[in-house]
Structures are given as C-alpha cells and as structure tokens.
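Below you will find the structure I want to go over with you.
Should a chain be cited, it is by its letter among A, B, C, D, E and F, assigned in written order, with residues numbered from 1 in that chain.
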C-alpha cells in the first residue's frame, strides 16, 4: 500500500490466552522469570564480519540481529559542508519470523531505523566533522545496515546496541585524493573515532495495564497496551518514540529517569563487549 | 497494472438514474441550472502559498485544485541548449474523492498533466529562452505541481487555470554563478516574464446524446458519451484531447469555434484574478 | 513477488495428454517430425531495423525474436578502465504468449538474458578493448535488447542467435570528443569488430525420460524432465545453465560434446545469414 | 519501399534550425522534404496473422514506422474485480522497443507518453468493439513499435484494428489512424519524424470509416480553427486509402482461410 | 496573521551559524526570533467542512504551517484481507505537497520521514476513535501539508481530529497536537521552521484533552530528564488553547448545521 | 579457521593483473594462492537450529563464505492462486547482505544476479523435496549471505539442505553444493573470491549425493569439453566430504533431540 499506515493486529492470540498473559504480567510475573526492569541475557560479538568495516552480532534473549558498517565516499549536504554522513537502514528479512514477507523495509523497519539513527546522531558519539575529507566536496559516508535474524521482541534496543557496537568497531580506510577524485585504500585503515562516554543506546518499555516492563519479548509486545523507546547518551535523553497506545503524565515521569538508570548498566555490557572483539562469526 | 490502459466504469450509477439524468440534460437542463455554455462559479486565489515561487488555488464550482510552482536549476536538453524547462505534474491525492486510492499518478492524472503541459508549451505564454542561465549548461526549471483537493468534474480546465495563474504569479530567484556551480539566491527575485496576451487555457466539452455542454460536473462526466478538451491561446488552438466516445465532423466543427469564444470570457476572469494576489490561504 | 523464486507449473496439461506426449517422445518421435538432434527451420534477417545500430530477427520454427543494438557512451568499470561494456536485456512482452502479463522482466527473462550475456562475454567474440574511447573516462556501451515476439520454446537459442547476429551487424557511430564531453556522430560509422571465428551460440537440450532432444518446442518444454543450455564458441564451452530437473553424469557426458557438434552447423547458418543483410523488416 | 527523404540530402544538413528552414521553404511551394504531395501517405504495408500464439495479430507500416499488434481474448480477467458485469473490458498497451528510435536507446520501462498513448488508443477502439457481447471478459490489445518514424500512434490504431479483425472480434466498424500536420500554412498528412519534430503542429486522428466518426483526436502546435477543420478533412480523405488497403488484407486472409478449409 | 519573525530581520542574516547564535542569545533572555513568549502558540486558524466530497474535512494552520485533513469512512476495506473482524482499521497518510517547503521542490513520492509520520499519527489517533463500533470497515484519514513552517505533524493531528469530528466518527476524546522545543536552556512551544532547524531539541506531543493522556510522543536533540518533564507540562498547557479553538469550531459547525436543518 | 591466503601476502600485490599472473604461475605448479591442493575444500563449518523462529535453520561456511538458511513450512500460500493442487510450491530467496562483500556496500535491493541465483537454487532443491506430500502449501527457503568469499550459491545450497532437514521436511536425498574452477589448465574445487574473479572459469554444481544426480550446473569462462568432465568428477569427489559433514551434523542434532526428549 503506497505510503498509507494501516492498523494491524500484531498476532491473532485467542482472547483467553491474551487475557491470561496480561493478568500474569500485571501481577509482576514474566514468563521467563525476569523482574520488571531486567533485560534478557545479552551477548555481543563485535568485529566478526570480515567483509564489513565494522560489525556486531547481538543476541537479546532469542532476538538476534547483525549490524554491518560499510564506509563509502559521498558529497556533503550543502548546509554541513564539512561533515560526513551516517545512514542507518534496518531490514527484516523473512528468515526472522513467520509473519514477514520478503520486501523493502515497511513502516516498522523504517521507524526503528530512524529512531536508532536519531539516537546515534544526537548523542555526540560520532564526530561528524572528523569524517570530512575535502570540505564541500568529499566526505566519508557511514552506511549501517542492521539485519534482524530472529525476532523475539524489542528490536529497537537490539538494533541500537548492534549499530552502536558496529560503529565502535569500525575502521576507516584511508581516502586517497587523486586529481578531483577520491578513492578508498581499503588496506590502510584507522579506527573511527567515537566518544564512548556518550555511547548511544535505547531503552524500551512496554505497558500492560498499569505495569511497566523493560525489554519486552515478542509475546509481551503482542499483549501490551503501549510501548515507548527512550534513546539515552550519557545522562541525556536524545530520542523518544512512543508507538502503540496512550501514556499518562505519570508514566512518562516514571520511565524517563528509569531509562537513564537502566542505560548505565546496559552501557557497561556494551563497553565490555567492545573490549573483546570476536574473530569467529557466531549466530 | 504495469502500463496497461483498462476500461473502467467511472461510477456505477443505477441504470434508471443514469437514463433520467441523460434525458434531462438532452432537454438542455443542467441540475445546477446553468446554460449549456455557462461555466460554474470560478474563484482564483493567486500567490497565497508562501513556500511556493508561484501559486494559485482555483474553485470551479465544487472542484478545487491548488497549483504551486517551484523554480529549480537544471541542464538544458541538447537540442535546445538556450531554453529552460517546464515540468507539469498533476496528483490526485485520496482526499479529492472517495474513489481515489493513494498512489503515483495514474493514466488519467498523467493525461491531464500532459495536456495542460502542451497547452502552456505551445501558447507562447512562457519565453523559454528567458529561462537560460548559461547556454548549454544551466537553465531554470519550472516545476508546476497541481493537486486536486476536491473532484467535482472538469479537472482539465481547473488544472489549466491553476497552472497558468500560478506561473503568472511566479517570481524567479536570482541565479548566482560560482565557478562551475549555480545556486539560487531565493531572497532576490524578479517576476517570471509571461505573455498574458497568449494566456493558455483549456475549454472542456461533454456530449450527451446530441447535446454539447461546457464545464461538465462529475455527474455529467459520468453519464456523458464523449468528452473533448480544447487548449486555446489568443485566437489559436494549441491543444486538443478527445477522451471518451466518438465525435462527428459536425461536433468538431461546432466545438472548435465555441472554444475560442468561451476562451475570451474565461481569460478575462483569470486576468482579473492575476491583478489581485491573495495573501491568505483559503481552500 | 519481491525477488522470491516460486515453483510454477509451466502450463496445465491434462495428465493423459501429458503422458501420451511423453510416451511418444520417448519413442524418439517428435510431433513436427524432426530427429532428436535436428533444429527447427531457422530464418535470420540481419540489419533490417533501421533505427537500430545493429539488429536481427530470428525465426526458430514458430518462435520469433527480434534483437536490436543501440550504441551509447558510458563510464568504464574501475577495474577495467580500458574496456567498453555489453548489456543484454531480454523482454517477454505480452504479445508473445497468452500466459505473459505486462511487466518488467521476470526471473525467466533475466536468466535467459544473463546466460546469453555470459555466452557472448566469454567467447572472445567482442574485443572489449576496442570499445574504449578515453581510458578510465569514456567507453562505448553496447545495449542489446532482445524482444520475444512469439514464444514456441527454446528462447535461449533464438535469443542468443539474435543477439550475436545483431552485434555482428552493428556499426559504431564515431565518438567526438569535445572538451570533457563525448558525443556520438551517428552519421559517421564503422563496423563493430567481431571475431566471427568465435561466434557465440547456445545449444539447448531437453530430457524426457531417458531421451535427450535438442531445440525443444514449447510443448516439449512443458512435458520435459530437465533442460540444459550449453554456450559454445569455437571449440570451447563458454557457458552452461541447467534449469529444471536433474541430470546424470552420463547425460552431461553426452550433451557437452553433442553441443560442440551441433554448434558447428548452427554457426554455418548464422554466418550465411550475416553475409546477406536484409533491408525489409519481415516478422 | 523506403521513405528516406528524396528531395534533400539529410546527411548534408548541419543543424535542426537549417532543416526547419528548408522544410518551411519547401512548404511555401507546397512541397515536403521527402517529395510527397501534402495529402500523400507514405507507402503502407499491412499483414495479418503474423504471430501464431495470438488470437489475432497484424503488422502495419507507414513508411519507416513499423507497428505490430497482437490481440488475446475474449478471455478471463485477472484480477477478477476489474471485470465488468455487462460487458468486456478492453486492455491496451502501446510500447516502443528500445531500438525503435534513432539516437539514444529508449529505456524499456513505460514512459508517461506511452501511458497516455495507451489510454487514447484504448478510447479510440472502445467505440467499435462490441464489448457487450462478452461480459466479464477482457479483450487485450498489445502493440509494439519496432521502428518509429512519426505517426506511431495512428499506425498502431490501424494495426490494432486489423489484429482485432484477425482475431474475429465482432466490431461495428474499422477504425483507421492517420496523422495530420502543419508546416507554415501547409497542411499535410502522415507526418514523418522530421515533420513531427520541426513542423508547427501535429494532429493524430482515428476515424470509424463507415460511420464517419472520430474516435481519437489530439492536437498540439498552433492552429487556427479553420486549419483544424481543413486538417480533419484531409484525415478523412487519407482514411479512404488506408481503409481500402485494410479491407483487402482482411478479405484475402478470409479467402485464404476459406481455401485451406475446403 | 503572518508569523514572519518580527524581532529580527531574517533577510539580513548571512549564515545558519549566525542565525543559530542570535537565536541562542535571544533565548538566554527568554525571547524568540518571532517575538513570541516561550509558551506562546502562533496564531491558529481552524475550519471544518472545506471539502465537499470527503465525509469530514478540516484546515488547521499554526502560523504559516497549513495542514488539511480529509476523512472517508467507515467504508469497505480493499483488499478485504486487511479488514479486522472485531473493529475498524484506521488508514492514515501524511503527505507534503512539493511546494510546501521553502527552497527546493520536494518530490511527491513518499519519503521515509513521511512513512514514519503517517505511522505515528495513526497511533496518535487510534486510542480515541471508537473502532470497535465499525468492525470490518476502514476509516481513512488523509493529510496534505500545503505550507510547512515547523510543527507539521502536530498541526496534522489537530486537523485529523477536527476532520474526524466533522465526519461524525464517534470518539472518546479530542486529540490535539503541539510541538515543544529547546533552545539552550529555554523550553518553548510550537516551533517554527527556524526553531526546528537550529534549536537543540524537538518534542512533538499529542494529548487526549479530557483524559489527559499522551498518544504521540517523540523527541530528538539533547534533553535532561527534567527538561523533558518541563516540556511535557508546557504541552499540556498549550493544548488548552488549541482545545478551546477546536471545540468552538466544532460547536459552531453543529449550530450552523442545526440552523440549516431547522 | 581462517582461509586467508597463506602462500602469498595479498597486501603486497599492487594490481589485479599481478595477482592474476601470480595465480597462473602457481597453477602451473599445481598450487593455489591459499596453499590448498587443487581438490581441497576450505574448512567447512555447519550448524543447524540456529534460529528459534524458523521451522528449520542452518549456518554453513566454506572458508570465509558464510551462508545462513531458514525454512518455514509447509504452510499456507499467499496469495492463494499461486498454490498448486497436486503438490507444495517451493519459494526460494537468495540474498546478500550489504556488508557481505569487500569494497563497496551492496545495495539491499535484489540484483538481477540474486534473482537468477534464487531461481537456480530453487531448481537445485525441487528434485529432492517430496513436494507431492503437501499439496496446496508452500515450503519457503530463505538464504542470507553474511560474508562472501566465493562459492556463495553452492554454500547456500548446502545450507538450504541442512535447514530443510532440520525442519523435518521429507527429502529423497541430500543436495550438496560445490564450485569447480579453472586457472590455466588447473582444475580446482571450492573457489575463493580471487579464484572466482581472476580464474579462467567457474562451474557451480549441486549433487544429490545418494542418487548421484546433478541438480544445479552452471558454467562460465572457457572450458574444453574434457575439462568440463574433469570438473564434474572433482565435484563428485568433493561432495563426499561435504556429505559426511552434513550427515554428522544432522545425526548429532537428532541424537541431541532424542536425549532431551528422553
């Protein structure tokens, strides 16, 4: 459908099953035994995709995503002649879930990619000026492609961890200027400078009745009333995206500081992973 | 359907209603009380879209269209190195009628845009050579986008009035040449020179039985046998487009001079409107 | 369907008809009386499309295809800065068979075009270096468009004959270099140099039970178990493409030398046709 | 058979402006660059039954313009919701092959021009095809231009009419296409590509021969009302010769068919 | 009626950097480039029933931002498999016309930005529309931006609410849109295009007025948690004045309607 | 585990021409740039059940080429008219991720090459899957290439076979993929990207191991008929080792499964 956004039912759950799931969650019990503000087990493998200029494979419970960075050359935007560019793309190939048909990114994939993009862009993690080659003419382009391999909920946080970690592991090929042309010498490389202090991550909450949870599974997403993603960098909120449902002022007042708190421990996990790059490609 | 033109029924009218409508029209009576060669009430608001370089909002009875001109820079065609370009595009967004689905312009929208384009192009209204910046390299491009806001028949004439009036109200930003680049200084402007004498307009007739009408409503279009649009500029025919049905030689012999006659009064109305640009955007 | 390859039934033949057809073929009898390794009647009209830079119309029994070459200017690939380019495209317009809907080339059309492309590319028929105008900057592009006009089986061989013969009849317009631009002077022409010794052709076999046939009709293709196309140039195999079904090692061992043998007589026919270009466009 | 210009040597002309000037100078004397009289068609060639898969097919050439048409149907409509309960739909596609134009390769994807022409050809044919006889079906007319030397849409209409007749589709009349043009004050028929590109007006017309009705009428350029009417008259006159040729081709096909069935 | 900046003469500003600097200097004094107070909306205009074909329609302007919305439905869903058995679906399209932005023409094809905004607007409206009352149907909301001067998505939401009301679609509440932004430490409402482009943060919000719920919440830039909450408060406050204007327009429409039916 | 060339230091090679020359010089001595014997596969890694949502899944690496395959089905076909009354359809998609190739980012949209390969992989699998057992359904095989170092389509076929087995889809046989190539007169198996780009011929083959049938066979380059046959022989030989690895992985999966269900 040509750019019309349409109400969809995420998954047809029998009404009874749906109600019982919601009741259990509202009692503070999650089917995998987690507490309300616990993340699932996280595994991050950085740098294992040899053909990419930077990469990360992220497991968030059974959700699995892979992000690869490719460095290219481009022309800067007229209003930022001395800055490179970041392009985040997210694809949900049909391997990821039985409900996905092959096709270009739909509104959900586009929305996630754009929220991850904004989170990274506004964090100060990347110094876009360091990506300038010849002002007004040639700049580095960072293409971040995130592929969902297995979808078990909370694609936002998994995709953002993967994109951020892939960028942190990226090396820039040297730009060789020849006459008016620029080419990349892919055998000579320097690390992309990133500000790890301002590591950009998203924290996603789901609301079921009056209960608020973090890191929802697909099952939890399918029964929740509302969902919100908060992009955090250091102690700043750099992005918010409410998707389904409605929130009270109190909900917002509760989730925003909680996001900053959860960010700190999530950041630790990512930074640890960045320090031990992975040679073997493990899915 | 990939570029196949398909027979469609414009609207499913009950046979009885259809027949009664046709009978009344053949008796020379129109449901809105007009004579056969009367236009509906026309309102033209010129220059009220501030973000456009030229604009017009046209009401033709309940048909409402808006046209906006955007000036750009482009490369001339190899065979006319010293001429600028005109690009007319017409969109029928789904707000305009219950039958329209969102999508790129269909064959009807393309046809109207092309007839309006030809009418303007062959009229001598625009001096394409005055749009040259650097011969063979840089010329002005005039993008005319016509959006149908409410479709109650005779989109041809409404679109052509809107496009012509929008062009007449257009100002050209100054082109600044820097080395081999050209950019537009949008704060410095001069009016686009147009030849108002040769104001291009279309006159659209519908034929119901042996009766010929001008400016058909959507209801009249839905029951008519044939339809013809005649583009006029000054005393010349600059475009013809027969759409549905078949015409006799006599029909043509009657409509062509009638088009020239009706053109004169329509031209007056448009020229009056051009003299009083509108500041507030009224739909 | 977005890039998914789907099992299709080529044509729904009643089971009985299908079985009887197969039985007859397995007895070595073809409905048109040919021997197993006989081609249908071949007619090749070279050079009759005046608007093309090279052309051929090929009849292979009732299969009819037309190929036209258009010469353009392009930028060479970075890794072959002194070589021109060949682009083979095949279209199956809906005139060709009742089963074809209008649309861009599907997987079958793409596959045929790519096999014909590889056959020509690896044959040594075209000296790509002779298509260089200014190394690293401007080269000739040979666009070969093959249109299927009537589909009665074995599009591979018909398309390859047409593409090869069209290229052999091609004349290159002179490239005029002006400052940093190149344009084609279409009135001054020199023949494209081709190596007729290495004339690239494909030989297509169908397997029905244990019987192997060459040049299958559409009916034979619809009942066969397997199909294989072998690209030959001089005494070399330059392409292979197995499509349906499965082959034994022996099948391959039998077909490869048979392809080289059949190539010789097919090559004679094509070369004869090249020597008598056709002025009138006959379909 | 060639319609290459005979009055002047085009290869010696160095610019479009020069060609335009020469064309207008000739027109003042009532002449055309290829030596034709103003009301003279180029040589016409017509064949039917050229494609074995189609239910009907035809090739029509007007000089160096070559159009082929294939007709399939009446047959089932996919997707079904496009079908009409009281009559057949007509589906028409006009398409130019990439090698049909001089100069650059035309991309195979349909252009806005081709989309418009597909529509006006459909509307030129609808008034003659007895669609009511085949409710809920489609009759498909597919046209490919193999060579373009002006007047392609009108040659296509003639080809489509022949292909429909060849397919045995019942029709009220034959529709024939002819283009009319204007160079200076001279009104001409059957424009070639130079007359189309450098003339002062172009008016493609399709005529139902027996009923004398016009089913396609387009124009551009600059015409006085009186010139338009003169152009229409010329088109009717030219339609005569096209009609005779078409009728002969259809008749001989039927005679042929009758012979083979005897 | 104009929202042209009044405090400074934009035509004298030579670079984005200068504009940004001036904007921040003003912000330190609690001022904005167009002279508004931080919590002040631009002039708002609202009309309903502007399009005769639509079941409901509205025009909403926030300063120089102009959004029109049309509602069609509840009506049948095509293709059918998109229908839901227990409620209506909502279909929303947000689109910017090519001439709605300053500088270059915007291409008419939907951008990734428009696709995202169509989705968040749909999700801002779903919580209030009583979809369960119309199972197996669709309610379509189509929005066109005619002029863009910041805050287009939130003006669109207000326009959509009015158009839904105008169409007589039963709703639990009115949803009103307002944008909040940040220049330095100054939190402001209803961003114009300069504040959007050169400010430090943007937070579009949609509020169900009576229930006080937030149905759209997005943010970018850099905000402290406390600033976010201050921004939310400002949005609630701004929603008051938007609500009053909307209520008046709907009421007078009904009074009007009542009069004509008497 | 790395298949980085060991015989020569690629970083010291300055041009493709030089690499080609070195490769051919080595080939004359029966050697390859990564030190392998002509008939030697790169290290193979195989895993099944890696994706929890899919009905079956597998990862297969041939050296640095990494392919993952997921199988869904048998399941309902959408749209329905694609279903066949007497058997399941197979739907296959081969796709390369944008970061799977060295040098430039590959655009995510399917290329003509990927469309062709999806088709030949489908036709390589159809002869073994017992489609007749599941009329009116679809069995979907989706493949993503995560790293490409030559031989991606044949590694994909092996991965697809394992994923089908993992999904419990009944098959007549296992299909295994292997590429054969040619450098000068030397026939080699399992081409890496340099051998693919700078060799003289490439012949991807898929073999039904038990029945000894070939279900995929493509070739390009220049081969004598005799070299083709030698290449086919090498492929059969290489298929042995791939088969043993595949069989072991499937077996241990079943043993594992049996253990957990005990």
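Simple rule for what comes next: a residue touches a chain if its C-beta (ideal position, glycine included) is under 8 Å from a C-beta of that chain, and two chains touch if they have at least 3 such contacts.
Please read these numbers as outputs of a predicted model, since none were measured by experiment.
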Chain whose mean Cα position lies farthest from chain E: C
More C-beta contacts across C-F or across C-D? C-F
Furthest chain, CA centroid comparison against chain D: A
On a C-alpha centroid basis, what's the spacing between chain B and chain E, in Å? 31
Cα centroid separation between chain A and chain E, in whole Å? 27
Here the gap between chain B and chain C, centre to centre from mean Cα coordinates and rounded to Å, is 47
Which positions in chain D touch two or more other chains at once? 93, 95, 140
Enumerate the residues of chain C that touch no fewer than two other chains. 1-4, 101-102, 104
Mind listing the chain E positions that touch chain A in their complex? 16, 82, 84, 88-93, 95, 110, 112-116, 118-123, 126-127, 131, 140, 203, 208, 211-225, 228-229, 232, 236
Complex interface listing, chain A residues touching chain F: 49-53, 55, 62, 64, 66, 68-70, 72, 89, 91, 93-98, 101-102, 104, 143, 145, 147, 149-152, 186-187, 279-281, 283
Where on chain A does chain E make contact in their complex? 1-9, 79, 107-108, 110-111, 113-114, 118, 121-122, 124, 228, 233, 235-249, 252-253, 256-257, 260
So in the complex, which bits of chain E are touching chain B? 1, 11, 47, 50-54, 57, 59, 61, 64, 66, 68-70, 72, 75, 78, 93, 95, 97-105, 108-109, 140, 142, 144, 146-149
